[in-house]
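In the two complexes that follow, chain A is the common piece, with chain B as its partner first and chain C second.
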Partner chain A sequence: MAENLAPNWRLREQRYQLVGNVCLNCGAKFFPPRQVCTNCRGAEFDSFQFSGKGELYSFTTLRSAPAGFESYAPYSVGMVKLDEGPLVEAMLTDVNEDELAIGMKMEMVTRKIREEEGERGLLVYGYKFRPTS
Partner chain B sequence: MRDVSIIGVGQTPVREHWEKGLRQLAVDAVLAALKDAHTEQVDAIYVGNMLSGELTRQEHLGALIADQLGMSGVAAMKVESACGAGGSAVHAGYLAVASGQYRRVAVVGVEKMTDLWNGSVTAGLAMAADGEYEAANGISFVGLNAMMMRRYMYEYDLVEEDFAPFALNAHANAVNNPNAMFRKAVTLEQFIRAKKVADPISLFDSSPICDGAAAVILSRSENLNGNAARAISIAASTMATDTLALHDRQDPLWLRAVELSSIKAYAQAGVTPQDIDLFELHDAFSIVAPMSLEAAGFARRGTGTYLARDGEISINGKLPISTMGGLKARGHPIGASGVYQVTEAVQQLRGEAGKNQVPNAKIGMTQSLGGVAATAVTHILKGKG
Partner chain C sequence: MNQVMKPKREVGIIGYGAYVPRYRIKAQEIARVWGGADEGLPIEEKAVPGLDEDTITMSIEAARNALARAQIDPQQLRAVWVGSESHPYAVKPSSTLVAEALGASGAVLAGDWQFACKAGTEAMQAAIALVGSEMADYALAIGMDTAQGRPHDALEYTAGAGGAAYVMGPAENALARLEASYSYVTDTPDFFRRAYQHYPEHGNRFTGEPAYFEHTLTATKNFLELMNYTPRDFQWAVFHQPNMKFPLQAAHELGFTRDQVMPALLVGKIGNTYAGASLIGMTNVLDHAKPKDRILLVSFGSGAGSDAFSYVVTDKLVERRDLAKRTAFYLGRREFIDYARYARYRNKLVMN
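Presenting the complex of A and B:
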């Protein structure tokens, strides 16, 4: 399944920098960014740069992976509660699975997420989280 | 709105059907339901399905199934809401008859999952969640449920074993259901030893990849012809949604769509949770069962596993669930499961559930969920009793 560049390219600010947005009416912060505020239904936003710091809300290790990720299995994924509020789901890195614990401090890093096969295959980069050193 | 009744049900066994494709399974189920309803024609067909394009390279299921049934000419369409497609198709069929537009419709849920390797199926199922922010990060559907379960165990101080009674109950009930995939009882010891798929979720916490189809024939209640004696009335058919992504929830441990669709259903049927004699819930993973029991009003927050621990979910308990094996052991052919649930509730309310008959079953509830309960479709059925 060769994918065009566009669906990845248009998410570059989210994937590389964790850019979300903030509602100009009520101040609610979102990652991923939204077009309509789920708090007040406002539709005007400023973009908002999240710090990438937070704590681990939950996690698991996948023993069998979806197509496209098989070569990475087993790998750990988690939900991180960002300091600014939103939860983010991502792969976890630079940590052994038996060291993971709910509540541990985490930070965002940019890593390769997956690699497509073939001449036109994309290298997809994005955010992962690791324990704060 | 007109009153709507179910006048026929049909189902294929849930299996790895290597010799049958999607169309054969769907046609088998509809023909069985038509026969059960002593009828040969309907005005419209609703096909519940999630992944036919992804897994079998076939879309446009409405026209396909109508054609294969020899009914070309009728209205027909596919209804999709991920794993809740079956329930949604029943809801669409209900609305079509209740509105007065159609007198009689067929609803068939079908999923053919075993034509591709497991990795492709896992990737397909992940489409039930947020493609750009969950699946794109390699997070599978079982992964989302595993994270929910771990947090649930952390918040409510539980261990994996506390979820065992759900799997044991489902498997015990499947033993007596000839259409179930796993007709084998499971012991606590086996549950504890089972291989982890995505910890804390083990093999025995997960529903299987499988094929199957189930169908119901819906009719105006005023117009039952020869079916009056066995007709089961649809007292409520409701639907609600929640955020698609788990990470967008204010409270990832509360199934808001389940709560909303249940409250609407109780109001429409004029009943309370105490009136429900059996509940076919969406036990795709063990964790979904206690969370559904809580959000649907059968248990207080964090106490859903207590009902299982105390034996209340078995056939002779206060609230039997998964009475024919549930998604766990009857099997979970994704878009078909919501229709299997309705079919099984009808068997119970007719008194045709054999060894698994819930004594004095008069009111049954079914609940079909899509994604991590981003869609919840609830039906309340009433028998003659």
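Presenting the complex of A and C:
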């Protein structure tokens, strides 16, 4: 039986489209979506699609990758401060390590993240960030 | 018997978008590895997908560009159709994932099309019919490939990666209005890939005269005659481009000038993008065309057949073409890799 279908499927909207949520009480925006607002403790939200635009807040390069990501190593990961506020951690793509700089403009793209169970398993797709051209 | 296809409701291209990965390998680098000649290579360099790219991810970016130019809500799409010979799954649609990523899932048709290099224009024909019949207002047709070439085969020099997406819709909102289309198909086994095989087989010179030229020339000649047009009625002509030689020879035999065909001829820089090849040639033309220009688009797919279309550019193209990245952006970003990295990126290394 194929594994991890349900957990991957549940996250498809946030992973493919960067959909988080916005607090209906105070307007704070969250990614990933939260169930309780960390700003006003409100519990009512609408979903919110982020623009995918932001700035590189910090980054590093992984040479010893976690299980499931070995074939991509070495690869860079970063924290991207979205224009709408939240800080998102993600893999970076379409960029060489020596080109990365804190503060550079970034944009979201949807890419393949990993393969579950090698060649037989689910292909997992999601957001990554690359420098804005 | 009317062989030209023209929808009852006028249809056109509402938005378009291209995609090419950033990696390139030079044909000379491939020749170096296999001891081939330095000169007379079919193209200069070809695009190579990164480790995290495939037909699905490339389709998503091209389609996001097309939707940005179309200026429509993705929920207005009633079809998301992806033509390719490199769908990542053997069973499971690429199109559902593309639709989900675009925000188009829900009340929408989705399907993957397969007709070698003609799969993209086949999807475009179907999208025209869906809109033209008033079953839907908007439909998305994509031609995209990460083409496979067997190491040391002639196709390894040209099998590239890239393609384009088109939002088709009512002509009154179009950047380019469709005049009519025509299709010409026979059963000609010039190129195929059997189930479970990694690489396609081809008939060497058999892919030329009875396949590419027979279908491209016949479709174009018949279409022009039925439309009462000559090559001089077109400002631009886009042909399927497996290499530089075939489309230039076809254009010459049909009476088109180099000026009419060169802007669409991207194969020398990105390789043969199979189902995306004629469609991304067309995006580069749309990036440069003027209102009232007439464009001929002729695909070819092995197996074999050609689709021919005539489009006339409208004033709206000038207003909307800079709402997304132009084809030149993707042609211009190039990171050259050697054969070793190419082998890694194309999954040609045995790891266990």
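By definition in this document, the second predicted complex is superposed on the first by the 127 of 133 C-alpha atoms of A that agree within 3 Å, B and C clash if a C-alpha of one lies under 4 Å from a C-alpha of the other, contacts with A are read in each partner's own complex, and residues count from 1 in each chain.
Rule of thumb we're sticking to: a contact is a pair of C-beta atoms (placed from the backbone, for glycine too) under 8 Å apart; a residue touches a chain by one contact, two chains touch by 3 or more.
Given the structure is predicted, the values throughout are model-derived calculations rather than measurements.
> Return the chain, chain B or chain C, that is in touch with more residues of chain A.
Here the partner covering more residues of chain A is B.
> Now for A:Q49: first (chain B), second (chain C), both, or neither, which partner does it touch?
Second partner only, chain C.
> In the superposed arrangement, which partner chain does A:Y72 touch: chain B (first), chain C (second), both, or neither?
Touch status of A:Y72: both partners.
> Per the contact definition in the header, classify A:I113: touching chain B only (first), chain C only (second), both, or neither.
A:I113: touches chain B and chain C.
> For A:E89, using the defined touch cut-off, is the partner it touches chain B, chain C, both, or neither? Pick first, second, both or neither.
first
> Quick check for you: in the superposed arrangement, does A:R12 touch first (chain B), second (chain C), both or neither?
second
> What is the contact status of A:L123 with respect to chain B (first) and chain C (second): first, second, both, or neither?
A:L123: touches chain C, not chain B.
> Jot down the residues of chain A that show up as touching in both complexes, chain B in one and chain C in the other.
72, 91, 113
> Using the touch definition up top, name the residues of chain B that touch chain A in the complex.
Per the touch definition, chain B meets chain A at residues 117-120, 122-123, 126, 132-140, 142-144, 146-148, 150-151, 154, 195-201, 243, 245-249, 252.
> Quick one: which bits of chain A touch chain C in the complex? Just the residue numbers, please.
For chain A paired with chain C, touching residues are 12-13, 16-17, 49, 71-72, 91, 93-94, 96, 109-113, 123, 125, 128, 133.
> Under the stated contact criterion, what part of chain C meets chain A in this complex?
22, 50-54, 56-57, 60-61, 88-89, 97, 100-101, 103, 325, 329, 333, 335, 351
> Using the touch rule from the top, collect the residues of chain A that touch chain B in their complex.
Spelled out, the residues of chain A in touch with chain B are 7, 11, 14, 32, 38, 57-70, 72, 75, 77-79, 86-91, 102, 113-114, 124, 126.
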